[in-house]
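The structures considered in this document are given below.
Both complexes shown next keep chain A, but they swap its partner, so chain B is in the first and chain C is in the second.
Right, the complex of A and B next:
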């Protein structure tokens, strides 16, 4: 299929491994899905220490299940990315360990306290939900299919995140203050989740033309702010003064003053070159290396046992 | 003979029921608290998912048994969050820390523990305390899966280049595993009242009859059980290794920091 035909036919779930897709499409889709899959893994790195910190048995169970779901999502997404025939899962996981794989800006900031946990669990996941919901109508069918399950589970995660926020904001004054502090730290990062305005986005044009993306970053940011500013306020959080957010009452929309956000830091993160990037990616590389022997052993076991009894397989 | 629910027990019966329940709940809770260390860090995405499942099953079982203690008047705070760590009665097998990357330890520990857990649950199917007997079936089904998971991993990890890692785990963990069968102060009453239909010595024998031949079939050397000196800390008399006190401090850190009114219960969790 040539590129013009792709653009002409682009629509929800239009293309699948049965179609002969041009290289440009396959590479763009791989880049997008790999980024998404990497983000699931690296989000897990951020949240994992807090399974142990959960302050009730039910919370702990729910949080452990959440972290497990993220790995499940990564598994689905790498499969959807592999189906484009550009990279294998192992190649993508190696790139992640080597610091070449890209992932969401918010997951480059290690968390230190429980007060930060709902910042990811409610706001970042809420932002991710917005984007993921639109990807149910992406043009690469395996990606859209993965989104059906991911969005279903993310719905529970966001609810749980919201409940953690509610619990903190209805507890002691000290807890409320520390939650507000965490919110102030995370709020600019969460807004940057949606990236720069369209004109600055490198890949948006093509991805939109071939139906991989169905909504622009601006539209997604707008929808997020419309929903989450009132929610934050309802739980007693104060929206920080910086970045300035102007509410246009006549249009019912919020405008973020872009210059108030630290784009140098954003682009440093995009290159995996921020301090937190090294910390998070380094942690992944170390952990992966520590169990390299297990993967080697699995490979040699497979080799030794394949062919001996093909009838007995599966 | 069958006992009634929690409210008509004599003081002696109550002591025996509590000891049995705390042993089970603490084992499951602490085992799971260690397993979650592998979440995100497991060798592959698939093994990560499987071990996470096991951890959540064990937390779920812990909750079943703590719930029965709560029916007897304890709160979740008293069972877990504000309980003196020097009164927990889990086996010291499950509190042992993992060395980084030591997947062989995680798998062997699960095999030793889950094999014992299967036997323990089978000995509770006809418990004279109905609230226990009612809950065993669910636990048993899940523990069988855990044991099969560990067995199939052990088959893959042994006999190759990294065989020694599994052997090292056997050498280190086997003495601690024997503490699973160490008695607490009310053991005689537990058996006499029919709370558990087998005594710990018989369970130990049955466990050895399964575990030793299986490990030996994988060319692992298992210490002669009767010559193994039990660790000084068995857990069953509430004596514990230092690692447990560190672990307890770690998992109660946020609970203590937040000072919430009570640990939250969420509905709809299996």
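Right, the complex of A and C next:
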């Protein structure tokens, strides 16, 4: 299929592995899905140590299920990315370990306390879910199918995240203050989740033309702010003064004062060059290496039995 | 030879198991699947797979708690928060609710039979 035909036919779930897609499409889709898959892995690893810190058995059950889901999302997404035929799952996992794989800004920041957990569990998952809901109508069918399953599970993540926030903000004054502190630290990062404004986004144009993306970063950020600012306020959180957010009532639109955000840090993170990047990528790479022997065993088993095994990979 | 048949109604949808056909080879299986499952209902695509190549585990085999109550996994459990303002969460919860209903109905059917 040539690129013009792709752009003409672009629509929800239009293209599948049966279609002969041009290299440009396959590379753009791989870049996008690999980024998404990497983010699921890195989010899961960031949260995992907090399973142990859960304040109750109920929270521990819910939170460990949530972390398990995130790793599962990564597996679904690496499959969807693999189906484009550009990179194998092993290649993508190695790239992540080597610091070449890119992932969401929020997961480059180390987490220290339980008060930060709802910042991820409610606000970051909430932002991610807003975006993922729109990706149910992406043009790469295996990606859309992965989103069906992911969004099914995310309702639990976001509601449980909100419940953690509610619990903290209705408990002692000291807890409320610590939660507010965590919120102030995370809020600018969450706003940057949706990246820079459209004019600065390098890949948006093409991804939108071929139907991979259905909403712009700015549209997503608007929808997020519309929903989550009132949520934060309802629980008594105070929205920090910076970045300044101006609400234009006549247009029903929020304007984020971009200069108030630290874009140098954002772009350093985008290059995996922030202190936290090295920490997070490094600790995950160590764990990948620690289970290398399992992978090797499985690979040699698969090769030894390849005469009789069906094409299990597909 | 028995071939399991999976039918996809519309492009972009899922292939769902609809039954099986008895056929001597893959080509014949595809032909029979078309006649039995494709022609009668709206169909966009059909997969056939040899029955031997399909493996199953059920809730009696699994050690990870096939039918164990996992209420902590469902959005419906967290009722002290009001998610009605977040459209995508509402949709996800509705899907989970529908899945729970289906599970209940299946359980009841099994108990009645």
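As a working rule, the second predicted complex is superposed on the first by the 300 of 314 C-alpha atoms of A that agree within 3 Å, B and C clash if a C-alpha of one lies under 4 Å from a C-alpha of the other, contacts with A are read in each partner's own complex, and residues count from 1 in each chain.
Just so we're on the same page, a residue touches a chain if its C-beta (ideal position, glycine included) is under 8 Å from a C-beta of that chain, and two chains touch if they have at least 3 such contacts.
Source: prediction; values computed, not measured.
**Student:** Can A:263 be said to touch chain B (first), chain C (second), both, or neither?
**Tutor:** Touch status of A:263: no partner.
**Student:** Tell me which touches more residues of chain A here: chain C or chain B.
**Tutor:** Looking at chain B versus chain C, the one contacting more residues of chain A is B.
**Student:** Just to be sure I read the superposition right, which of the two partners does A:247 touch: chain B = first, chain C = second, or both, or neither?
**Tutor:** A:247: touches no partner chain.
**Student:** With both complexes superposed on chain A, which partner does A:144 reach: first (chain B), second (chain C), both or neither?
**Tutor:** Only chain C is touched by A:144; chain B is not.
**Student:** Just checking: does A:230 make contact with chain B only, chain C only, both, or neither of them? Give me first, second, both or neither.
**Tutor:** Only chain C; A:230 stays clear of chain B.
**Student:** In the overlay, answer first, second, both or neither for which of chain B and chain C A:287 touches.
**Tutor:** It touches chain B, and chain C stays clear.
**Student:** Determine, under the contact definition given at the top, whether A:75 touches first (chain B), second (chain C), both, or neither.
**Tutor:** first
**Student:** Should A:175 be classified as contacting the first partner (chain B), the second (chain C), both, or neither?
**Tutor:** After superposition on chain A, A:175 lies in contact with chain B alone.
**Student:** After the superposition on A, what does A:54 contact: first (chain B), second (chain C), both or neither?
**Tutor:** The answer is first: A:54 touches chain B but not chain C.
**Student:** Taking the superposition on A as described, I'd like to know which of chain B and chain C A:296 touches: first, second, both or neither.
**Tutor:** first
**Student:** Under the contact rule defined above, give the chain A residues that sit at the interface with chain B and also at the interface with chain C.
**Tutor:** Common to the two interfaces on chain A: residues 58, 61-62, 65, 160, 163.
**Student:** Show me the residue ranges of chain A that touch chain B in the complex, using the header's touch definition.
**Tutor:** Residues in contact with chain B: 41, 44-45, 48, 50-62, 64-65, 67-68, 71-72, 74-75, 78, 113-114, 160, 163, 167-168, 171-172, 175, 287, 289-291, 293-298, 300-301, 304.
**Student:** Going by the contact rule at the top, pick out the chain C residues touching chain A in the complex.
**Tutor:** On the chain C side, the touching residues are 11-14, 53, 70, 72-75, 78, 80-81, 83, 85-93, 95-96, 99.
**Student:** Please name which positions on chain A make contact with chain C in the complex.
**Tutor:** It comes out as residues 12-14, 16, 58, 61-62, 65, 126, 129-130, 132-133, 141, 144-145, 151-156, 158-160, 162-163, 166, 227, 230-231, 310.
**Student:** Please output the residues of chain B touching chain A within their complex, sorted ascending.
**Tutor:** 29, 33, 36-37, 39-49, 52-53, 55-56, 59-60, 62-63, 66, 76, 80-81, 100-101, 103, 156-157, 160-162, 165, 250-251, 253-255, 257-261, 263-266, 269
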